[in-house]
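Chain nomenclature is as follows: A, B, C and D, assigned in order of appearance, with residue numbering initiated at 1 for each chain independently.
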């Protein structure tokens, strides 16, 4: 059901207040334009578009805005309301997990992550004002190498068990909860060194075509506000094969392949 | 426009791709993204056009007035350009940020239109009175700076196509000017000579057109050309700081003419189909 | 802030305000005219401890000559300053734009005496340089400014343009000619703006003439400017804050109207042509 | 006969860069609204307890004198309805670009701002609707075009909120009588309901397209 700000969500006092609602003289009222979401006793209103609302455990992709050596932290853009923080103490430095961080490391911060670098990370905690703090203390996380970044609305990426996918077509995909999506070639196991060294060898043209095709498919799905997960992206990828990669940015074809994907997925669900 | 800062990996991937003539979105170096053109949308202007491409949106509106001509150019009309980056397409533009682009854009338009044959058909009474067309360019949103020039030139040309000037009658005895009220007694402008702009951006070792924001962030610099409908270059300008070698530019020129002619045809076709 | 609020609400519950006033009561008003020798007209207005000053000087205006037609608003040059030590940029802009709208947007006086012709038949224009300065801001500056403006316009006398020209050429600030000279001109005031500002409090009370504390606690301000001669509303301004329903808004307007009329009658300086006050 | 507003057209999300955008047409008056935020803000503008709101009105010709008046009016209205306390230390910027003025520009700007905020998903207490009426000697006209408003003696802009239909802001020009205001409020009340309905309808359409 559609709600606009000021509309009553429910007068039943049993329900709990979720995102997008507030109490107006004890009546639960909507504060955004969106659909009512009910999870048990929790009522929230989900708008079509918002900035990223982080939760602990979310996987995000972000870009380093600046290095604040004096505060021993990096500021990261994750399309959240406030800039996200990555503390020096929340990263694994080359040389092992338990290494103590020294003054030299503080001075070297820029050589680990510098402005413009992309990283994948996990939300560790949320500050009182809503700012996120992330960590990269897992071999999965860290600096991202060659590839393509896409930005979509965070509401299109559902929270799932895994956000790292190796698609059958041969690309590696990180679906950040914050709507930042990273497409690259699969990284062979064991090479990840906390992600500080990146490979800058040219990527073969054939692989490029696959990456760009996946990119354009995701954009087509996002334009139609379809949820993004490995199934929908794979389905769309297959459907898109009847077109050339460069045709997939034409709005007519984008709509077409997204709709075909939608239909095909509905049929598969029924089976 | 927020300056996009790319990571080393992204930049490297992007530049290698362009060297292979395969860009991130699958285009080749000389492919343009879709352009959506609309004309005749502002009733308060005698001509208007809106153009939209990915992340970019520009509106051009034409207004007219009768003025005395410049003493040095008695038989030529006048065209004035005004540009505004509306709403600073991004908060970073707030205040003076966008001013630089606007000034550059307007001066390039002025230089390119200076000797346009269009000015000749704006004369009402030679030496006494000519039409002055004021063209307002309102930039609602910017994708990349380089493609902005191209799109603005298309918007302006389409708005001029859409422009209807009232027919003016001059009383031969008193030399008084009469403008009839009849809304159908109008004249259209001949826009064929009006130039379009083509910007080529150098990335790695190649030149591309219509760069995305990311591509522009990894470019060395851009070259801006205004080209008329014969494919002749009228005017050019270099944008950005990087230095470019002459030889490859010479090789570019025939290619630029071809791209420009395609744009000219595109505008003509679109405008015709929109009016019919 | 919280404590201040509790303190005030304690009084409100008894039907009075912290300074002992009723909700619909103005503070004491003090007016002092011609306190600045170098101005052609000046007035100091005190509402409680809010003190504002208005000075008017008439000068020759060369700039407007270039204009095709000269309007009322071209002959007014308005400058407004809240106390420099007490400058809140937002507040200043707001008051500034309201006063400009009121004074320039309405024809408050007949501006014909400001247009003269010299011997050669050429038109000469005079400009009113109006300076409104707030010396002490204890709330409700707008009402005080408007009273000061009206008072100053009312008591304004200026020589004809020739002596102004002379003065421009040979400035003689010390030898101010006596005011009884018959050659002095006056302006015919057409509209008599009186403003009533009230603060809306969170508990629903409406406080007329709020002081600074009350303004800060208020959840909204409403100002209504009446032309007391015709009893029409020249300007009604409520910017944001707690919404008012239509009934209470209308009630407040009619109340303010009677208030403004009453207010006007108690102040001869605003109605008369100023002569009565000079003695 | 119920007084009518001119035709309303709202296009949500017509631009890609901002967090929210809306193109609002009220007859031939067109305003483009952008919303950016809530985003991190520089220390000098930061407020620790709530979000800072910036409103910029961009008139078509840069020497427009009403710019500041409009910005003040719109900012105070929006400050009343946005839940600023939910996003401390951030900034929300609302930018309103006049595209075409055919009367009631201020009202259209307020309404377009409301639409863009809805689009951006910024939490608000309720919605707002602004209505302009102009008054001439014998008649009152709702939502006048430019010609009618120039001929009139005075005008009044009322902004209503949707929860109790209270009046958030009033501003007027020219001379009005008490009865004029009373009438304007009555008309405005009815018209504001029409506008809320329209917000609902247009939002519904937007949700249908996307689901």
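Here, contacts are C-beta pairs under 8 Å (C-beta built on N, C-alpha and C of every residue); 3 or more make two chains touch, one makes a residue touch a chain.
Remember, predicted model here, so these are calculated numbers, not experimental data.
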Between A-B and B-D, the pair with more C-beta contacts: A-B
Taking each chain's C-alpha mean as its centre, the one farthest from chain B: C
Chain closest to the assembly centre - both centres taken as Cα means: D
Separation of mean Cα positions, chain C and chain B [Å, integer]: 51
Chain B and chain D, separation of their C-alpha mean positions in angstrom: 33
Separation of mean Cα positions, chain C and chain A [Å, integer]: 58
Whole-Å gap between the CA centroids of chain A and chain B: 37
Residues of chain D engaged with two or more neighbouring chains: 39, 161
For chain C, residues that touch 2 or more chains besides their own: none
Sequence positions of chain B contacting 2 or more other chains: 54
Chain-chain contacts as defined at top: A-B, A-D, B-D, C-D
Chain D contact footprint on chain C (complex, rising order): 93-94, 97, 101, 105-106, 220, 222, 227, 230-246, 249-250, 253-254, 257
Touching residues on chain D, where the partner in the complex is chain B: 14-17, 28, 32, 34, 36, 39, 56, 58, 60, 62, 91, 93, 95-97, 99-100, 102
In the complex, chain A residues that touch chain D: 2, 4-6, 20, 22, 24, 29, 31-35, 47-51, 81-83, 129-131, 224-225
Touch list for chain A against partner chain B, complex: 63, 115-118, 143-149, 198, 200, 202-203, 205, 208-209, 212-213, 215-216, 244-251
Residues of chain B defined as touching chain A within the complex: 5-10, 12-13, 16-17, 19-20, 22-28, 31, 33-34, 54
